[in-house]
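So, here come the structures, one by one.
Below are two complexes that have subunit A in common, paired first with subunit B and then with subunit C.
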Partner chain A sequence: MASDYEDVLQKLCHHLRQLSPSDADITPRTDLIEQLAIDSVKLLNLVMEIEDEFDISVPINALADVQTVDELTNLILRIRSEAR
Partner chain B sequence: MASTIHLEEKTLSSTIAQLNAPLAQASALRSSDELAVALAPTPTSNTQPQRLADFETLTAALEYAATGETGYNFYDARGNLRSVLPYRALRHNARAQARRLAGLGMTRGDRVALIADTTPEFVELFYACRYAGLVPFAMPVPVNLGSHAVYVQQLRGMLESGQAAAALANLDYVGFLAEAAAGSERLKWVGTPEQLGERPATQVELLENHPDEVAYLQFTSGSTRAPRGVIITERALMSNLQGIVRNGLEIGPGDRSASWLPFYHDMGLVGMVMAPMVAQVSVDYLATRDFAIRPLQWLRLISRNRATVAFSQPFGLKLCTLRVRDSDLEELDLSCWRAAGVGAEMIRPDTLRNFAEKFAPAGFDVRAFLPCYGLAESTLAVTFSKVGHGFDSLRVDAGTLVDKKMAVRLQVEGRKYSEFVNCGRPLPGHIVKVVDEAGQAVPDLRVGSVLVHGNSIMAGYFNNPEDSQRSLLPGNWLDTGDLGFIFEGDLYVTGRRTDVIIVNGRNIRAQDIEELAEQQPEVRTREASAFGITDTSDVTTIVLVIECRLTSAADRQSLISRLQRQVYMAFGVNCLVELVPPHTLPRTSSGKLSRFAARQGFIQRTNLTDQLSAESGDK
Partner chain C sequence: MSLLDKLDAVAAARKALLPEGMDVFGIPVGQIHSTTEAEIGGRRILFLGTNNYLGLTFAPECLKAAHEALDAEGTGTTGSRMASGSYGGHRALEREFAEFYGVLSCIVFTTGYQANLATISCLAGAGDVILIDADSHASIYDGCRLSGAEIIRFRHNDMADLDKRLRRLGERSRSTLIVAEGIYSMLGDRAALADMVRLKDAYGSVLLLDEAHSLGVLGATGQGLVEETGLIEGVDFITGTFSKSLGGIGGYCISNHPQLDQLRYVSRPYIFTASPSPATIASTRAALRLLRDGTTLREQLWSNAHRLYSRLHELGYRLGPEPSPIVAAILDTPQQALALWSGLLQHGIYVNLMLPPAAPDGKSLVRCSVSAAHTRDQMDFAGRVFAELRATAMS
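So, the complex of A and B:
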């Protein structure tokens, strides 16, 4: 399980760095809104990349409870396990 | 996006049953395409004579549409057909749900709140309300990261403002709805369409509606503090729909629509749900979220199903231009698209030119562009340009526009200009006039407030006499809040008065942002001013100027971050926060802040003049 988490986190961080270039390290505790400035247009790109990368469909209602990188990672893991 | 229907009512079981696969199953089947193969969309050509919205009420229109073969089709993010809802099945299911709604103890005219995801269940419930003599209103789905609390607050505001007696949402959203409904004394029932489907149907007779009855409420902004529900009667609705399908679009038997517009938005609901139905036209839907993530899917739908009529906000066209790859163009044939309606926000000519240039190789005809102007307070449409003629624009001197509120056509090249799109003429039965601050009509090319008169005008804002009185002027003229001028009988919209900021196609009230700021302990009432600035590439940014007494850099940064976060969670946009010393913001004689002057001051302080597009603002 832990390695699954690390794997998703690493891939996610890769997309986040491309979307919001910044010098700061991205950690699980990084806040998507405050620290990475993911606005609604960037969010669409991010969701598309996540869906393509992990072959999942992200329900829009689930994003309402996501604020940090950790929460997004866990959401991806949850959707993936439910789809299997 | 689970979608399920009450199966026991189905008439076209072979088609409908398949749509109802819940999410897990749907995604499991996604790659195999088995579902899509089994379904076929409703046809474009019909078996009955076409009637163009000559009905007295919405349900009368559906009774007729149900005798043909056309209807609504719902596609998923991968372009697979998920559900088919012929008007015949829609009528049947809507009537069945109406009989169940009738058993909830509501009285005629009571409001029913519906979270409007792009699903068959939503449209069934919307029409079910009308069959039961109830007044539906659509509420948005949440779209922003971390917006849970704000979204619930937003729903609660609408439930209260609309005084809803019942509220429904599908499984994805019913949790939010239940939270918003907690403690409400007015709500008699909250649940999902499936739960309603399990209730017994009452054996009541479904009465015909009267043209003077209220057809629905339309909420116009996502405001958390004071959402306003526009009241539209059956008469206003049918008048507007008739104008749209006959005069605006000149609908004929070969027409078909494709839409991604949200069902909670007037252009989506009136223009792309009701207008096609009252003309018995088939529609192919893509959820807004799916379009926003993969705009190509919308164009694919148009191309594949040979759609002729499809509307978008300029923002949607921009997404297509930006996000569709050149390699995708080969598979598209957009030559069928004869009416590419554009509206709902300021239309920049370059947005249209860029789109046309990008998609010309895919057969898109620039003459298909159909700029129009309208607002929920006039049901939907006010003016249409001439269908099939493409778009016209006028270049006017930018300086004279701002200083003298005059549109002077550009005589010499090289001067700074503003270019405005011709939005066309009013629908029959409607008059548009432009007035100055004293309410006097101004001559051609003079910029002023745009007023509208006609059959489609709202009856007012629900339970809000103050705002109704402010918008509905004597003689039943609607003050649209937009600025513009008339030239040779055509309307050109030049801007929005400063009380509304339009970002990415969404209307955000400046007051809502200011009130959000004032909730912070460091910010006092009347010490925050919000406005939008639009750069020359047409990107609008919200600016929030705050009078601030904090001296420590850390405290100031903390306030800025908090404000940005609050604005983001409420509206999904980033904003620029400027802290200024007390008494910096200009006030009017009555002590009110002037947003126009605040904006001017900000532009001067930041030296942005040259990078912004010229707009005519009000004082």
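So, the complex of A and C:
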């Protein structure tokens, strides 16, 4: 499970770096809005990229509870495991 | 952050972007001179930002019908259909809309926004899925939220992307509502309806098409994209508005599914809103007759649309993917869009300004809406002003 988490986290950070300031330090505890300035529209577009990466669909309702990189990683893991 | 602090943050963001004293998103309009001209800031301005596609807001038939209804039935119904009853005009307009489309039934709503809210929130519920185009109108997003269903976006008008998302749903695709728009309000492009109908049939889903911007605009009798494509049988529910081509205010949903009528008993936006006023219903009925017979109006509308789109394209403006009565110039930054919008107003033209997050993909739009009532001279005038402001828009 830990390796799954690391794998998803690494891929997610790759996408986040493309939307964030170049010097941004991204960790699981990083706040998407406060620290990376990912607004609601950027988040929705990011989700579309992630969906293709993991071949899942993320309902936008589920994003209401997502604030940090860790929470987004766990959401992806949960949806991926339900889809299998 | 307190409740009111959130609104202070909105005020600060607005102040940072918009010039002091300029109410871009609620411009004060003075005397209305005609369907295409009004006073703004004490000057006569060309209206190129309304959705008066067929130019019917001053049609004598509509004015006469509204005046008569006002005198006969009063200013309002003062309650919902459930509380105050269904007036003769409400029932007649529903029959006329159903007959216009050749379908079983129609429900009329007080606004177009409410038509989507009421219909979508009742068709899908908890445990169901709604697949919506990424560029969907706010009324579609809000209807989805009210439904409690899972909401999944597909890339704008990308049918391979829709296919992929339906496949991922597996058996759940059979309890999925797909929502699209006949003409999309931001860039004026049409839905890829043939592929969408094929997909919804293949996956056993239900399809709702919002014809808000295409009613009166597309098809021989103005039904919308369903008529232009001959695909009305493939669409389960059609919603639309009276506030664009019909020149009034209100909305509708039509369907061949007999279950549509049950919305009257479960749809909170329908049950708990006052019904449309008699004058509104009367002018809409008159406008619907003009719309059906409006071949010449549609020809004028499309001639104007092609003329403006071609001119802006020649000038090097980035536009939506196809000519349409919605001609939207795409700008990279809100500042560029604001400069173009302000320049147009200073030159005597009012258009719509769309900034993120309302505009798609983080871009900003200066959106023109063309009318059948615009003259060729007015279109050429707009072309000259856009030419003069090209450098402003690109800097």
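Observations, loosely collected:
Here is the rule we go by: the second predicted complex is superposed on the first by the 83 of 84 C-alpha atoms of A that agree within 3 Å, B and C clash if a C-alpha of one lies under 4 Å from a C-alpha of the other, contacts with A are read in each partner's own complex, and residues count from 1 in each chain.
Methods note: a residue touches a chain if its C-beta (ideal position, glycine included) is under 8 Å from a C-beta of that chain, and two chains touch if they have at least 3 such contacts.
All of these numbers come straight from a predicted model, not from anything done at the bench.
In the superposed model, A:66 makes contact with subunit B only, not with subunit C. Of the two partner chains placed around the shared chain by superposition, subunit B is the only one that A:37 touches, whereas subunit C remains out of contact.
Once the two complexes are overlaid on the shared chain, A:82 sits against subunit B while remaining clear of subunit C. In the superposed model, A:25 lies in contact with neither subunit B nor subunit C.
Between subunit B and subunit C, B contacts the larger number of subunit A residues.
Shared contact residues on subunit A (touching subunit B in one structure, subunit C in the other): 39-41, 44, 48, 51, 56-57, 59-61, 83. Interface of subunit B with subunit A (complex): residues 1, 23-24, 27-28, 30, 77, 141-148, 151, 172-173, 176, 289, 292-294, 504, 561, 564-565, 568-569, 572-574.
Those residues of subunit C that touch subunit A in the shared complex are 129, 134, 145, 150-153, 155, 165, 168-169, 356-357, 361-362. Taken together, the subunit A residues at the contact with subunit C in this complex read 39-42, 44-45, 48, 51, 55-62, 83. Contacts from subunit A toward subunit B in the complex involve residues 32-34, 37-41, 43-44, 47-48, 51, 56-57, 59-61, 63-67, 82-83.
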